[in-house]
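To keep things simple, chains are lettered A, B, C and D as they appear, and every chain counts its residues starting from 1.
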Amino acid sequence: MTTQPDTIYESRRIRWESRTSLPLTVASLIYLVAYAWPILDPSVRDRPVFDIVIGAAWALFLVDYVARLYLSRRRAAFMRGNIVDLGAVVLPMLRPLRLLRLVTVLAVLNRHAGSSLRGRVAVYVVGSSILVLFVASLAMLDAERGADGATITSFGDALWWALTTVTTVGYGDHFPVTPQGRLIAAGLMVAGIALIGVVTASFASWLIERVAEVEEEASAATQRDMQALTAEVAELRALLIARESQGPPS
Amino acid sequence: MTTQPDTIYESRRIRWESRTSLPLTVASLIYLVAYAWPILDPSVRDRPVFDIVIGAAWALFLVDYVARLYLSRRRAAFMRGNIVDLGAVVLPMLRPLRLLRLVTVLAVLNRHAGSSLRGRVAVYVVGSSILVLFVASLAMLDAERGADGATITSFGDALWWALTTVTTVGYGDHFPVTPQGRLIAAGLMVAGIALIGVVTASFASWLIERVAEVEEEASAATQRDMQALTAEVAELRALLIARESQGPPS
Amino acid sequence: MTTQPDTIYESRRIRWESRTSLPLTVASLIYLVAYAWPILDPSVRDRPVFDIVIGAAWALFLVDYVARLYLSRRRAAFMRGNIVDLGAVVLPMLRPLRLLRLVTVLAVLNRHAGSSLRGRVAVYVVGSSILVLFVASLAMLDAERGADGATITSFGDALWWALTTVTTVGYGDHFPVTPQGRLIAAGLMVAGIALIGVVTASFASWLIERVAEVEEEASAATQRDMQALTAEVAELRALLIARESQGPPS
Amino acid sequence: MTTQPDTIYESRRIRWESRTSLPLTVASLIYLVAYAWPILDPSVRDRPVFDIVIGAAWALFLVDYVARLYLSRRRAAFMRGNIVDLGAVVLPMLRPLRLLRLVTVLAVLNRHAGSSLRGRVAVYVVGSSILVLFVASLAMLDAERGADGATITSFGDALWWALTTVTTVGYGDHFPVTPQGRLIAAGLMVAGIALIGVVTASFASWLIERVAEVEEEASAATQRDMQALTAEVAELRALLIARESQGPPS
């Protein structure tokens, strides 16, 4: 009653999205390998295979975006609602965002995680935190490695930096110095605020629920009273009908 | 029932405020340009046009404040409730606060953002975060640029500093050293705490609502029981009236 | 129903506390001046007047603590519940804590702040944040000023450090190096966590309440249904009684 | 009604766990001494007694883990649900985690802490924060002391570092440089996020409850209406039965 669906999804696009879900996830995983490998091992950087794989995966993502746009009834609304997808497809600078499609893998994990809402939120929080930390570390290492005065020059440093940033600790022993690195950091800081928000909200929801149980018991008592009353009225009615069926009083 | 209006607005002042809303927003935008330009491009700093525009906009803000104060029935309460406006008009040091009037632009954006409360909160959070980051960066750059030992000497640095501060990450690679810069930073830190608070609260509200849905369903069941009972009682009454209308039992 | 009083206060002690409230607040203010002055102006440090005033105020606090302990029915519970007061009176190291008694000034301010719970929480949060920042800055300056490698050597630095700490930003441009300074910092960090918690909780409470209003309206509808049903049953009963008073059907 | 038990515990394992609780807590305390002593006082590091005690305690933990696994009905679920225990027993790197068993001491403390849920949460938060800070400081000192460029070289530094990290302040005056130290820091940062979450949630729960009291009163009024209605219907029924017992109207 209090929840409004934010978007009305259309059937044709939904069918497309459910059919392409598995192939695009596989393409994202291959893209992840082709993206991560030359960053982690700079000696293979110049091999053309990585550029070819990345180009092919990008072509797939582009085709998928165009197809979803074409299949949407309200195209302007679709473009506004999928602005991140558009950016990831069009802007080379936002390439790492393409990997966020792997968050859909978490939906599969969640099918095995039982049905409690907080349990599913926990799977999403832990899963996407690890994914975001990994992708941000890769992108940061790629952006910073060659810069003057860079303090992030190995994957270990990048992962450590990402961790101190997403938790908002921010020691300042490692930090980005290039504009692109700072853009990645901005994204990670926003993710950190959201992470703190979700963790806090989960605890708050759990605690408020436990505290509310006493009140619920009182409410359950009201419900029991209600049922007792209904039974009483039904009995009363049966009594009247029984008198009625004795025939009109003579 | 649980919400108390914090202030009783008066009709004359409200009419003034709704009529001056558009011109003052335009004046704020012009003020923003005249304020930002010489900071971003120090070579034009000495041109008198910026001082003239800033002075004219300030005169407008002053006239508006005095008019609103004059049109208020309870003037002391108005001054207490608009202490930020007063400071922005009177103290030259708090000049950047005049730009916060642009937050009213968000109210216009919100008319197009649908009616969900959390949606409107999100527009305000994102919109005012961007505005506050931009204004704080400008003011910080203006305050710090010439100082001894300053670490914030370009707009890029100032924006990066503002971002690490509002998210409470605080690497410490850039930080203010002048009293005025520290005052700006203090405002931004308080904004950061508020930002974390609002984001967390939004997640908590969403999560608690979802969890509460099960209970709502139970409550809806009670309501259905209620309606069934009402129907039963009405039927019972009809039955009695029907007997009555047969005439007194003979 | 869901709120349990954490402590049962006893009448004799409560009377003592309400009578000594004003004199102790005045003593705390004098103590604040005598504590702050020689820290802010080291040239007067050796004058005996400050030590005398501090000693006299301490004697008052000690007498007050002993009197409250004597007037309590359950003394062990009193000592456990007022462990901070005990520490502030007994340990010279915790002297700054005596100033926290000034938080009671906020209770007076709150009498003029209207009756909304969140409004009163806001007065406490803002008031005690300012007090804690001021006291922690004084204590920190006192602890650090003479230390080797100290980075906090002026009141401005101390206040700036306190602000970056309580908001958990923590640039690291100023930080304590002495054990006593680190103890003060620990207290301030814990206060910072609490501050974020209270601010977030206030936003969450506000947002959840607004979202709950729709549900409340539904609940009010149920209540209206209830009253309609009650009226119907009462009418039914009157009908039966009216028939009854016509005498037994003949 | 809204709470689902996350795990179905089995009776045999529960009996084992309740019987071994005290001996294992004692073993953990001895383990803590044998773990902490050579870290705090490096001169005794080479004495074999500490290795012997640590080895014996580890053997006990291993036996306990195997016994609990053997006594579980659903072993795969047990292993998944106790992954931290498994890591602490099997991986030498995670040895400090064995000390987290001491959190069970808090359950004993809680028996004396009254019955309010928030009170018990507070005991857990304060108790486990102190334990985690102490254990993380020890482990960090052990990991960092000998490293090149280490900034954490005394227990005081380690404790101070742990405090600035768990509160997410992160000055950056001390930070880990070894991979093992960074792993410990990662755990502590996650604990910090959880700590902020729990503190915030407690305040939120308290505030929301207070605000909800007005609504509860309205709800209590509904309940009173309900009882009045029930009484009225019962009276109505008694009236009908009384008429019935007068014999059928002649």
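Going forward, a residue touches a chain if its C-beta (ideal position, glycine included) is under 8 Å from a C-beta of that chain, and two chains touch if they have at least 3 such contacts.
Just so we're on the same page, UniProt names per chain: A, B, C, D = Potassium channel protein.
Since the model is a prediction, treat every value here as computed from it, not as a measurement.
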Chain D reached from chain B - shortest hop count over touching chains: 1
Superposition of chain A upon chain B: rotation angle, C-alpha, nearest 5 degrees: 90
Distance from chain D to chain A - Cα centre to Cα centre, in angstrom: 27
Gap in Å, rounded to a whole number, between the CA centres of chain C and chain A: 38
Per-residue overlap in chain D, given as positions that touch at least 2 other chains: 1-2, 168-172, 196, 200, 202, 204, 208-209, 211, 215-216, 218-219, 222, 226, 229, 233, 236, 240, 249-250
Graph class of chain-chain contacts, one of line, ring, star, complete, other: complete
Sites on chain D touched by chain A in the complex: 1-4, 6, 117-118, 121, 165, 168-172, 175, 179, 182, 185-186, 189-190, 192-194, 196-198, 200-202, 204-205, 208-209, 216, 219, 222-223, 226-227, 229-230, 233-234, 236-237, 240-241, 244, 248-250
Complex interface listing, chain A residues touching chain C: 1-2, 168-172, 200, 204, 211, 214-215, 218, 249
Complex contacts: residues of chain D adjacent to chain C: 116, 119, 156, 160, 163-164, 167-173, 195-196, 199-200, 202-204, 206-211, 213, 215-216, 218-220, 222, 225-226, 228-229, 232-233, 235-236, 239-240, 243, 246, 249-250
